[in-house]
Each structure stands twice: as structure tokens, then as C-alpha cells.
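Both of the next two complexes hold chain A, though its partner changes from chain B to chain C.
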Partner chain A sequence: MRTTGVIPSRPKRRLWFGSGIGRLNYRHKQRLFIYGGLLIPLIYFVVIRILPILYSFNVSFREWGMLSTDKPFVGFDNYATLLSDPLFLKSLVNTGIYVVVGVPAQLIAGLIVALLLQQVVKLRGLFRTAYFIPYVTSVVAVSWIFRWLLMKNGIVNALFIELGLGPQSFLYSPTQAIFWIIAVMVWQNIGFQMLIFLAGLQNIPKLYYEAAAIDGATGWQRFVHITIPLLNPVMLLSVVMASIGFLQSFTQVLNMTGGGPLDSTISVVLHIYNLAFKSFDMGLASAATVILFVIIFMLTLVQLKVLGSRFQQE
Partner chain B sequence: MSRSAAWADTRTTLRWKRSGSLISYGLLTLGLGLMVFPFLWMISTSFKTLDEIYSLSLIPSRVTWDNYAAIFQGTPFPRWMLNSLYVAVIATVSVCVFDSITGYILAKFTFWGKQVIFVLILSTLMVPTEMLIIPWYLVSSSFNGMDTYWGILFPGLISGFGIFLMKQFMESLPSELLDAARIDGMGEWGIFLRIAVPLVRPAFATLCILTFLGSWNAFIWPLIITQSEEMFTIPVGMAFFSSEAKDSSNWVQIMTGATLSVLPLIFLFLCFQKQIIRGIATTGLK
Partner chain C sequence: MTKSGYFSFRPSKTLQFLIAGLLLLSITACSTKPSEESGSAGVTASGDQTEPITIEYWQYEFPAKVELINALIQEFETEHPNIKVKQTNFPYDQYNQKVATLVPAGKGPDVINLYYGWLPKYVQSGYLQPLPESSFPGIAEAFFPFVDTAKLNGSYYALPTGVRTLGLFYNKDLFTKAGLDPDKPPTTWEELVSDAKALTETDKNGQLVTEGFAWEPGSQLHHWFRDGLLYQAGGKDTSEDRRKILWKDTPAGLEAFKYLVDFATMHKVGINGFYTDDANAFKTGHAAINVDGSYRLGSIKKDAPDLNFAVAPLPGYKGKSTQASFWANAIPANVTGEKLEAATAFLQFLISKGVQEQWVEKVGELPAQKEVALQDKYVNDPLLGPFISQLNDANAHFFIDETQERTLFVNAVDEVMLNHVPEEQAFNDLVTKTQKLYDDYWAKQDKKK
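Coming up: the complex of A and B.
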């Protein structure tokens, strides 16, 4: 497709000084529109997005208390402090759990719902809407709703007792809490995942399934040899996006447990938040954001490489 | 295979298919319950009287509006709703204006520096917000941005995701149409406003709604930049008054607040779900 709006046949004219906008050459008018239109967004991106990143690196190499007037350069001291801080290491391990448990759970749940939705014709719209609603609602509100449901004398425990599973302490249990938070995160994102997979499934030509059916392939074989491989590019995007999402776990953690009990749910971002806005140690907090950034960057690269190359082979 | 055997085979396949979809309906309904029940329980709690909140019936024996009256009179909740609305509307308008023009220019013109600019904008999407929050905070606190609407707003006025979305939609505009308008002597701004913008109206709907939802639900930045209760947005207010609530009787108030913060979004989503779903499906696949 042609992307340029320039009409080639028009001859070039010289731009005279003082000729005024009205007499500007056509090409010049277009340049004016392009750079004029991009001016504000470009300044915005440089000032609000790019410079703060550089600033953040700068802060991470300094001892930066909120009250101290000079912020001396300390090299990698902040990084060394963090990597020997058991709480930071704990938050790293927990964040690993969020990603390793959360990403597959979210993908599998979303895929199951998408596949089921493909089987039905009637009420499809209703189901799709119902599954998607949690995604558009407020994370804070949802966190508190689940706190209410998962209370000691809440409705879920009543159900558990009814089923003979006994009363659980859910968010007050150091071994269970993190998995309940992950469950809530998955619950809220199923709808989004389902939509992405539905769009992917619709792009798979029906012909493949028909051909496989003629060759006598079972439903499971068709799923493994057609659906999964052809869904791979969509899968790749989902894995990358979901990983980034779970690496940044914060709102649910803060609102459901505050990081407890016994720091069993604290995530890297919650730790950063505490460092920066509870102890006002901006140097340490910035160093932690840089570490998180590096982790996200590396993980994304690896995922694109590994999953991407597998997709190339198919 | 004889003809009748073939028929029998088709019939069993059909029957299998029908029962398969029956199982699908069953599982989907089960899941639907799981999706909707938390909201029903929230709404139900918000209509219960204090002595009934621990009862395990979904329908309260006596429906009361007192909790809503209490939240509107006794808490700054209405103010928080107005704050959220104000901030979300400004962010939405700004994002739509700037993202559409940027997306249009990046999609429909070739010029020096185009690739660099596009990569620069896209690369900011990969940086975690946490990395930006500390510099934003330090700068806001030295420029009196704390606890102001501008402070809440400035990080969300232009979105890289929106530019990407707009570019995708603008690329589908036929260049011939734009050139025809040029030959007729229409100015570049005129072409953008009177031809391009009306043609990508669905993209605007998607972007508007997603920006509005995002801004209404935003938590971490408003939590950091706001300090006084009058400046809170709904999520910050919710988190604040929920964590203040030590007494369990406040659960009814928390659920009333949650209902008020969630229902407008569900309503908005139901009105615009076609646009939202299409927007996510198109951006998700590219």
C-alpha cells in the first residue's frame, strides 16, 4: 500500500521569504503538517517517558534519602544492598511464583473458555459478556470483594465446610494466600485471554479440520496438531503480555494482604512501593526498578526467541 | 461401507456433537456463575442491614437503601466519583486528540525520522511504569504537582498504546481518497479532520472507552500523587477507607462503595462492548 500522500506530478517551486503560508509550496505545507502535528506528542514522550528513565538510572546510583540535601554518588552500593536484603530476595522469589503459576493458569483457563465458546451457538454473546466483565472492573474493588468472600466466616468458607473441606484461613495462611491472590488475578483476566484466543481461533481455516477429520484424526489429535500450532503466534503474545502483567503484581497484593502474612505474598513492585513511599529511600527503590526492568526485558527477549523460533519451525 | 452404515455413522457423530455442546453449555454456565457470583454477592451485601451481613443468603430478608444514603452523606465518596470522572474525561479527550493525529501521521506519510519516532514510542511500552513513577514523584514534589489534578493527569495524557492502535486503523484508509482531496485543494488539517477522523470512528470509540476505563481504574499513580481525601480518585478512596475499616461492620460500607465504583463500568461496558471487543481483538492479533 502507498503510504505517501505526495502527488508526484507537481513541479517543485522555490519557497520565497515572506511569501506567507498561503503561498507555501505544497510539499512544504505537508512538512509543516507532519512536524507540527508531531511536535507536542514528541516533546511529551521525551519529557514524560524517556528522560524519567534516564533519571531513574541516575537516582539508582545515588544515596537518595528524602531529607538529605546532597545525594552522593555511591556506584553499585544500592544494588549490592538489595541483593543481600532477604526481604527483596523473598519478593523476587514470590514474583517468580506469581509468574510461574499465574501465566499458565491464565492461558489454560482462557483457552478452555475460548474452545468451549466455539462449541456453542446460542447464548454465545451472553457468555462472552459475562466472562469479560471482571476485566473492565476496578482491580481495587475486586480485591476487596474477594477479601469479603474469602473471610473466615465468609461465603466461600461456608461452602468449603459444606463440602467437608473444613474451614480454611485463605488470605491469613502463609502457605495459601499467594495462590488465592493468583486465583483472583486469573479470574479477572480470563475474559481478556479468552478474547485474544477467540480471535486467534477464528483465523484458523475450517478446511484444515475438515481435511483432518477425513483422514480420521480424533478431536484430541486435531487439537494438538492443528489448533495448538496455529495458535502459536497468538500464544506468544499472550505469554509475553501475561508475564509482564504478573511480574508487576501490585494492586491485588496491596489490597488483599498488604504483602503478608509473614511477607508470604510480597511482590517486587510492592517492595519498591514500600522502599520509595514508606521509607522514602529513593536510591534503593530506583535500583529495584532497574532490576525489575532488566528482568522484564530479558524475559521478553528470551520468550520471543524461544517461543518465536518454535513457531518458525511449525 | 454400505449406505445405511454411513448414515448410522453420521448420526452417531451428530449425536456426539449435540451431547458435546451440551457439556459445553454446562461448563460455560458453571463458569458464568463463577464470574458473576462475586458481583451478585457484593450487590447483595450492599443492600443488607448490619445484623444480616453474615447471613449466607443471597437475597436479604429486608432490603435497605440506608447504606447508600450513609455513603453519600457520611463519606467523601461522591467527591471521589467526581474526581475520577473529571480526570478520566480529560485524559480521554487528550489521548483521543493526540493519539489520532500521531497515528495518522505515522500511518499515512513518509518523512525523515519516521522509523525512529515510531520505535521510540513503541519502546516506551516495554518500560514498566514503576520505573517512571519515582522520577515523576520527585519532579512533581519539586514543582508543586502533588495533590493537584494536573499531577494526577500528566502521565496519562498521551498513550503509546493508543498511538499504535490508531496507526493500525489509519493504515487501512485508502491513500487514493486522501490524494483526491488534495487535488481538490483541501488542506492537510481539513483532510485529517473531515476525511480521516470520520472514517475511523470505530477506532475512536475503542480508544475512548479503553482510556476511560483505564483512567477510572488507575491505582498506583493516583495513590502516590494524592495526599488529601478531597483529591482521591475512587480506587484510592476505596483502598483508603477499606483499610481504615478495622471494625468488621464496615464491610457493608465497603461493599456499597465497591458497587458504586463497579456498576458505572459494567454499564459503560454493556453499552460499548462491540467496540471494546473488536478493539482488543484487532490489536491483540497484530
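Coming up: the complex of A and C.
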């Protein structure tokens, strides 16, 4: 047993100014400021982002008619309905296609543009701007322009006929439409992807390349053994961001095909939108939202684990 | 001892967060309840004659309608000095979203303008109240028959000011160019096909240059099928109790479906997506004939003032029929007491003869009441006349879910077009799927009783 003696109190350290204010010393004030500064965005984040998510969990377990006052608890009924709904399953499969095709396409295209831009000295700014403009253009406007370009008697088809390729159905073909939508999404995101890769490339010390060149490594070897591994953290970010983006495909789909033809392009988010605001079934829509949330959450975790661990070993 | 006790329970960060979240969730879940009470607040103010009652009117943003309603509100307020009306508008795309988010929050309107196809959903949600019968007598006699669509569970829930029907728009210049008489539009199914063929123009690659018949199943053609072609061929849309789809009960359904699809597959006089859609193709002079609604008159006037076109009633076959659709005015369920009286008075005003006449002139929609519509000045109008003359033969089909029903129809046509599924099989599939939609709806309705 230890006895505690009375510790003589040290004279309080006082600041040379404002010593009277609420007896707070400098460190306390500093903390108050920092926590205050952190708390405000946190409250905002919780109220605007987290609470609605939790609330939609609640809605997903109810038969939530849009305007009815009676919202009975139905357990997992909504989930069961969704999982036996061929259209929802179709939208899941389609969303898978958006991700599996879209993400690599966007990454590769972005990387190629970034690598090419790095080689260019003249007019670099011009190219960079040109590639970035689509990213900051309204998605709805872009969708409609492509819808117009790709219509049966549109400019692209005129070109196809001139080249002897014959007219294509584009957005009216159940096999082609989804890939044209992906192409437009990728085209629009190249600028953003390029920018991230450019930043990543600039962080790779020139020293490594010089050393490799002295050792006689070819351009391809340098790319595979230096550029790719050192770009890994940037790529991880890109993969996660792009996956989430493609999992949430909506605006382009709604405006270019509306989910058709024959539901070949409908995405989960478009299906959610139709359930909520066309069929007014908030319960089903929330259940679908929760399913999508879980998918995004799991996929992101897996990506961070798999790709992240590789990065740490390097 | 105390030390170990202190350390024994130490929730992880995630758990702490979850608990906090759940607590907050339970708070918000409780706070959603009291919104119902706000509606009854108007009752307590009764007896006070000096204070005017304010009611709110909601409709979507359509400039001509918004302007006219503003003018009408002034007129109404002079007639009823103790009532004030406030108009609120939302963009069409967001209309349902706004209703979905604002109404449960207790910020609802007292009179609301709705597309008739949404009515079953709104009524099913318990959002509307039946119109008081004593204030709206003799609806069935005064209005054209299609207003029956607003009658659910035995009572009328909404009434229209104006309606639209489908008619045949045709480009007179293209008729002349093709050697057809621009004053003789097709009046039968057969004539429509032969005229469309004569009007179609293709280039050396076989690509369409001019559509003889604008073919866009997702626009109006699915309505044309259900309320035009089907009845003309001798069929019927649904059973009296609206539970059974009758398209397959007579050969008329398949005949109508084939007739519609053949324009694209056999006659090759039109394709979907030509100049983005049928209305656009017609306005730009790339389509010679288009089945469209009377509301298109206004947009043609605005977008293509030089277009030399005329309107004719829909071509007939064994009988005559066209589709009618309308935006109707209804009173939400939570409106009671004095507010209900004021809302009823405003709705009575909205369907009065004077308002309907202004509606034709300023908005371009047809009067919904026989007495108003069948006046000579409308019947003899070259553009309005063809639409008016069809009102008696107009059907407004009952919708369970407008979007889903349209998608099913478009998909059936696409199955034939893109997957070369035989027409009969695609049609049978369509009937089965549509019937399932109806069955699910009615099963839910029956469960509620």
C-alpha cells in the first residue's frame, strides 16, 4: 500500500495576456478550439450522412407506403421480395458489369493518358485541360449529347456507314447499350483519373529510373518494376473510388437509355429510384439501398485488404 | 479489485459509435409521429369569421398552367373574400419526390393536382379523401365517361379541369410531296398503313430519311394500343372491377398489338429513336404522321411555328376510340373542418364552366365536361375540333403503376424487334406480366380491408 502525501501545488502558469479569462490556460484553450473545430463537422456528418443511413435501415424493415401513416414492421419481407425479383437481380448483374468493365477501363485509360502527358513538354497544360473538361461538364448534358450522337440516324452511325461497317443499334441494342454507357462514363472520368495518376507519377523519385537505366533496364521493365509498384497507393485510391462510382451508376443510365432496352442497362441505383419515386415503395427502395450499401462496404474492405497489403509488402 | 472492475467493460470504438447511433435513431423515430396532429389545427380556429382561411394549392411547373392559376386565384378570392389561396409549384420531375418528402412532414397542400394514373397509388397510401358527394353531384352525367377512372372504391377522389386526347398529327407538306391529298388524312387502319408507306423515304443505304409514321412505343403508342387500337378492334382493357386484363380474351388484343408492331417490322415506315423521339422527328419535319396528344399543339406552336400540319381523329377500324388522360384535383386526407370547406369551394371553382373555358384558351387542354366542350366554337376549331369530336369515344385506362406498365409494353415490343420473339409469344408474355402487376396490387388492397 502506497500512501499518498500532499503534493505541493505548483504555481499556475499564467499567460502574459488574458490571464483573467475563465481561468483557462493556453493549452486548454487550444484544446477547446481543436475539439470545437472537429466537433462541428462531426455533428454535421452524423446528422446529414450517418443518421439517414441508419434511418434507411429502419425503413427497409417496414412496409413504407409513401404517404401512409401506417408503416407496419414486416421484418425481412422487403429483402425477400427483392431477392426473388428478377429485375432487381438483373440490376445487380448489370451493376457488376458496370464495375468489372468500367473500373479497369477507366484506370488503364487514365494511366495511359497520364504517362503520355508526362512525356509531353509542349502544350502540356492544354492537353491536361482538354482531358479534364469532360469531368467538370454536367453529366446530364453529356448523356444527352451522346444519346444524340449515338441515335440510329446520328453522326456516329453516318460515320460507320461511310466506313462500310454498317449501321449499329448502339443504345437500342440489348447487347451493346451497356458498353456504350460505360464508354461514356469512362470518357468522362479520364480527366480525374489522369490527374490522380499524374500526381502519383510525380512522386516517384527520378533517381530510381536513372539507377535502373544504368543497370540496363528496358522501358517496359522500368514501367513494370518501378512505376507500377510505386503507383500502388494511388491505384488503391483509384480502384476504391472508381468502384464506388460505378456501383452507383445512375445519371448516365437514366438519361441515355432509362434502363432499357429490355432492362439490359438498368443499374441498382436506377432500380432504387424507380421503386422509391415511381412506385412509391420506400420500404423496398430502402432495402435495396441497404443491400447496395453492404456490397459497397464489403467490396471496399476487400480491396483495401488485398491491394493495401500488397502495397505494404513492397 | 476496483481496478480490474474498471477495465472489465471497455466497449470498442465501433461499438460506442453504434450505440450512439442507435440512441439517436430512436430519438428520430419517435419524433416522426406528431406530424398528423398539425392537420387538425385549422378546426380550432373555427367561429372566427374575420380571419381568412388560407389554403394551399400544389401543381407542377408548367408555365401556362401556373400563370392561369394565379389569375384564377385572384378571381376566386374576390368571390370568396374569407379564403386565401396560395399556389406552390415543383418541377415535374421532382413532383412525386416533393410530395413524398414534404407531406409526411406535415407540410401538405389542401388541394393537389395529380396525374390520374397516380391516383390508385395515392389512394392506396391513404393520402386522399373521397370528394364530398353533396358538393359534387351528378359527376357521371356532366363529365365525359373517362372520368370514371378517378372513381375508386365507389367514390370519386379527384376531378379534372381539362383533359387531353390522342389524335393524328400529320405534315401537310410531306403529304403533298408524296403525292397524297393533304386534306384527306387516313381514316382507317388500312389507309394509315398505305399512306405511311407512301410517305416513307429512304436513302441509297436503306436508311430512313423521312418516317412515314413516327414510331415510338415509349411515348404515346402504348396508350394508343390500350385505349385506341384495342377498342377499335373490338376488345376491352380491363374487367369492370379492374382486376383482370382482358387483352387476351378476344382476338382483338393480338390483332392490335401486331398492327402496331408491324409498322416497324413489316412495313418499315418508322423506328424508335429517330431524331431522338417521335415528337422531335415530327416537329423537325422528319416524320409525316404522329399519334400524339392535344397538349402537343402548344409545343409545336412554340418550337416549330412554321410547320404546316393538321390534326385528324385517330383512324378507326371496327369501331372508334381514343385515349384520354388528365391531371385531376384532389383533396388530401388530412384536410378537415373549415379548410375542407374552403378546399371544396376552390375545387368546385376549378371545375366550373368559366374556368374550363379559360383553360382551353390559355393552356390548350380540352374541357372535361360535355356542356362546355360541345360548344360550336370548340367543335368547329380546325385544331381542337378533331380532339373534341373524339371525347365521347375516349377511354382513360386504369393504371396500377404507370412506369412499370409502360416498361412492360416497351419490353414486349423490344422482344419482337431485337430478339425476334414471335409477336404472339411477346404479346402473351406482356399480358401475363401486366396481369401479375394487377394481381399484386389487388392482393395488397384486399389485405388492407
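Going forward, the second predicted complex is superposed on the first by the 266 of 314 C-alpha atoms of A that agree within 3 Å, B and C clash if a C-alpha of one lies under 4 Å from a C-alpha of the other, contacts with A are read in each partner's own complex, and residues count from 1 in each chain.
Operating definition for what follows: a contact is a pair of C-beta atoms (placed from the backbone, for glycine too) under 8 Å apart; a residue touches a chain by one contact, two chains touch by 3 or more.
The shown structure was predicted, so the numbers you read here are calculated from the model rather than taken from an experiment.
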{"item": "Which of chain B and chain C A:217 touches, first, second, both or neither", "value": "neither"}
{"item": "Chain B versus chain C as contact partner of A:153, first or second or both or neither", "value": "both"}
{"item": "First (chain B), second (chain C), both or neither touched by A:277", "value": "both"}
{"item": "Touched partner set for A:141, first chain B, second chain C, both or neither", "value": "first"}
{"item": "Most chain A residues touched (candidates chain B, chain C)", "value": "B"}
{"item": "Which superposed partner A:204 touches (first chain B, second chain C, both, neither)", "value": "neither"}
{"item": "Partner chain in contact with A:307 - chain B first, chain C second, else both or neither", "value": "neither"}
{"item": "Touched partner set for A:74, first chain B, second chain C, both or neither", "value": "neither"}
{"item": "Contacts of A:55 with chain B and chain C, given as first, second, both or neither", "value": "both"}
{"item": "Residues on chain A lying within both footprints (that of chain B and that of chain C)", "value": "50-51, 55, 148, 153, 258, 276-277, 282"}
{"item": "In the complex with chain C, residue positions of chain A that touch it", "value": "46, 50-51, 54-55, 58, 65-70, 147-148, 151-153, 161, 167, 169, 171-174, 258-263, 274, 276-280, 282"}
{"item": "Residue ranges of chain B in contact with chain A within the complex", "value": "20-21, 24-25, 27-28, 31-32, 34-36, 38-39, 41-42, 45, 54, 56, 98-99, 101-102, 104-105, 107-111, 117, 120-121, 124, 126-139, 154-155, 157-158, 160, 163, 171, 175, 178-179, 182-183, 187-189, 192, 213, 216-217, 219-220, 224, 234-235, 238-239, 242-243, 251, 254-255, 257-258, 261-262, 265-266, 268-270, 273, 276-277, 280-282, 284-285"}
{"item": "Residues of chain A touching chain B in the complex", "value": "1-5, 7, 29-31, 33-35, 37-38, 40-42, 44-45, 48-53, 55-56, 59, 113, 116-117, 119-121, 123, 126-134, 136-142, 144-146, 148-149, 153, 155, 158, 187, 190-192, 195-196, 198-200, 203, 234, 237, 244, 247-248, 250-251, 254-255, 258, 269, 272-273, 276-277, 282, 285-286, 289-290, 292-293, 296-297, 300"}
{"item": "Chain A partner contacts - residues on chain C that touch it in the complex", "value": "21-22, 24-25, 28-29, 36, 96-97, 99-100, 103-104, 121-122, 124-127, 205, 207-208, 218, 271-276, 401-404, 407, 410-411, 414-415, 418-419"}
